[in-house]
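In what follows, subunit A forms one complex with subunit B and a second complex with subunit C.
This part shows the complex of A and B:
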């Protein structure tokens, strides 16, 4: 299973979201999830199973199947919740 | 013996190996498994070589463009694109730049630990670009590589500590919290936007978010698309001015001039794309280590993050700010053209990133008026800064590309202009800045203590007599004013 955070240049903010997704995954004990980040231009729909973007980029990811839209990309609580929901939805085993 | 030493020097002056070693240290400090350490180190090594390859592609696209531009307009045309300039710079000054970047991060953590400026600068890409610029300026000013690394690291740490601090009062207005800061080399321009918005007294209630912005503008969020399109327009316009015979005879080797312009713009965008890929690989191993270590050493640290963290707060303000900043850049280009100086061609990515954030900040402080005027001020600033930096960058100043954001101007012009007086001036200048940082931190600490004491006093007397509290508060504030 692979999660991917995206932003316009794929450098700073998507990287931060990637690190925060990893932290969220560690918290709930989800294993075997790979996390990566990329820019909108080079990431394709097959590069990951779930894509995470801020709501300002909502219109740029219409070609992707499974997208999680974040209201605020710096809100760790929101991210924790949405990562957990995603894991439950996809049946990823959690430790607790 | 001497030959062994020689080999060591060769290894350490090879930036790709140096950066890989930095990643190795980071991975070891995180106590990663052996396989991860090897993977990360090798990827970083290759990542740097990818970056160098991208630099060659960018240079190959920009060189003929520069010739053509000066032939047609009689002045030098400069593209302020951080990726486009940083590639060639790292090829020449890579060792100093990589070590300034690394030790700059270390000193940043130390400053966050011992001062009241608790900002940990996590935007590794712009920190790397800024370190590269500092390396160039110091070495052009006569520093040896090792002197440049020593003083450059301190200078880099000062600017990465101060820049988030100047934006933070406005960031609090945007986010409503004080736990995240903005870490970007556009920081001073974005803070200027907030200041302009405050001075022009727009109404924050009259927000840009009540506007309807056409969705068709969304493509500017994809940086590869926007770089290719904007450079395409620029190349085609200049090729049209130059005319088919000039381009086909002197530059394109017979290829149709419009086709040549389109291909060159595409090549420029491809080069930037490759450089970004390289930077991404390098940072992937280094930034998490830096984050992990700083979290342990500075418990109350605020991470300073890249500009798009502001974008979700006011997506319309991003577009308003981008367009306003770009208009300022276009007007600036016209004025510079008339003055006959080198011409700074508006860097679309810089106007989108820093103009967008300026729009968000301006909107939070002063609504639509704040977003428009604040971002316009940013646009003027990022047109002037690259122009003023050019003479301080030595041969790099003739490279047809340059550093684009406002902080490059703040630190670059400070060091560069001091450098006119010689090395000693620069060293004194860095020490003065460091002292000023500690002094301000101390001042903030005292003010905070005073406020705390006053709040305590107010709380204590509030139960007995509220009017007395008010008068004692007035007395307090007149005390501090005198």
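This part shows the complex of A and C:
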């Protein structure tokens, strides 16, 4: 399974989301999830199973099937919740 | 590491009249240090004005201002501007900004270790609040570079 964080430049914001998703995955003990980041221009719908973007880019991701929209990309509580929901939805096994 | 890339002369506390001025002020120390060309600051402002460009607002009053390396980043470097009075990013009330973290990324990867440090700090609610409420550059630098 692959999660991908996206932003316009693919350098700053999306990388921070990637790290925070990884922290959330570690916390819930989700195994076998790869996390990456990219800019919107170079990532395509087949590059990951789920895409995470900030809410301001919601209109830019209409071509992607499975998108999780974030209110804040540094709110770990929100990320923990949404990452866990995503794992449960996709049947990814958690350690606790 | 952020500790190596952020120095006291790159930490500012100021009052500005507009969000554009906030971005220019935040980028100024990096321009003076020849880490960026002026075109880089112009591009950051243009990117924020693009539809969806306010994604650079990380939430909690903190904006990570940046553009692609080819916009004129010469070295990888960071600066920080904390505003005494918040401004609205792109004049959008949904995006009040008190702290601008300005990132010059010279390539796709050199800044990642520093950004990793930054993400760890910003994930911590206490440190995050400390950063946005600090009025002293020494205090801000200490918050961002303490292990």
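Basically, the second predicted complex is superposed on the first by the 96 of 96 C-alpha atoms of A that agree within 3 Å, B and C clash if a C-alpha of one lies under 4 Å from a C-alpha of the other, contacts with A are read in each partner's own complex, and residues count from 1 in each chain.
The rule we apply is simple: contacts are C-beta pairs under 8 Å (C-beta built on N, C-alpha and C of every residue); 3 or more make two chains touch, one makes a residue touch a chain.
Bear in mind that the values here come from a model prediction, so they are computed numbers and not experimental data.
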Contacts of A:23 with subunit B and subunit C, given as first, second, both or neither: second
Partner chain in contact with A:56 - subunit B first, subunit C second, else both or neither: both
Partner chain(s) touched by A:68 [first = subunit B, second = subunit C, both, neither]: neither
First (subunit B), second (subunit C), both or neither touched by A:42: first
Contacts of A:15 with subunit B and subunit C, given as first, second, both or neither: both
Partner chain in contact with A:90 - subunit B first, subunit C second, else both or neither: neither
Overlap of subunit C and subunit B interfaces on subunit A (superposed complexes): 7-13, 15-16, 19, 54, 56-57, 59-60, 71-74
Subunit B to subunit A touching residues, read off their complex: 122-126, 175, 180, 184, 215, 218-219, 221-225, 273, 276-277, 279-280, 283-284, 287-288, 291, 303, 305-309, 311-313, 315, 318, 349, 352-353
Footprint of subunit B on subunit A - complex, ascending: 7-13, 15-16, 19, 37, 39-42, 54-57, 59-60, 70-74
Touch list for subunit C against partner subunit A, complex: 47, 50-60, 62, 64, 66-69, 103, 105, 108, 111-112, 115-116, 118-120, 122-123, 128
List of subunit A residues in touch with subunit C within their complex: 7-13, 15-16, 19-20, 23, 53-54, 56-60, 71-76
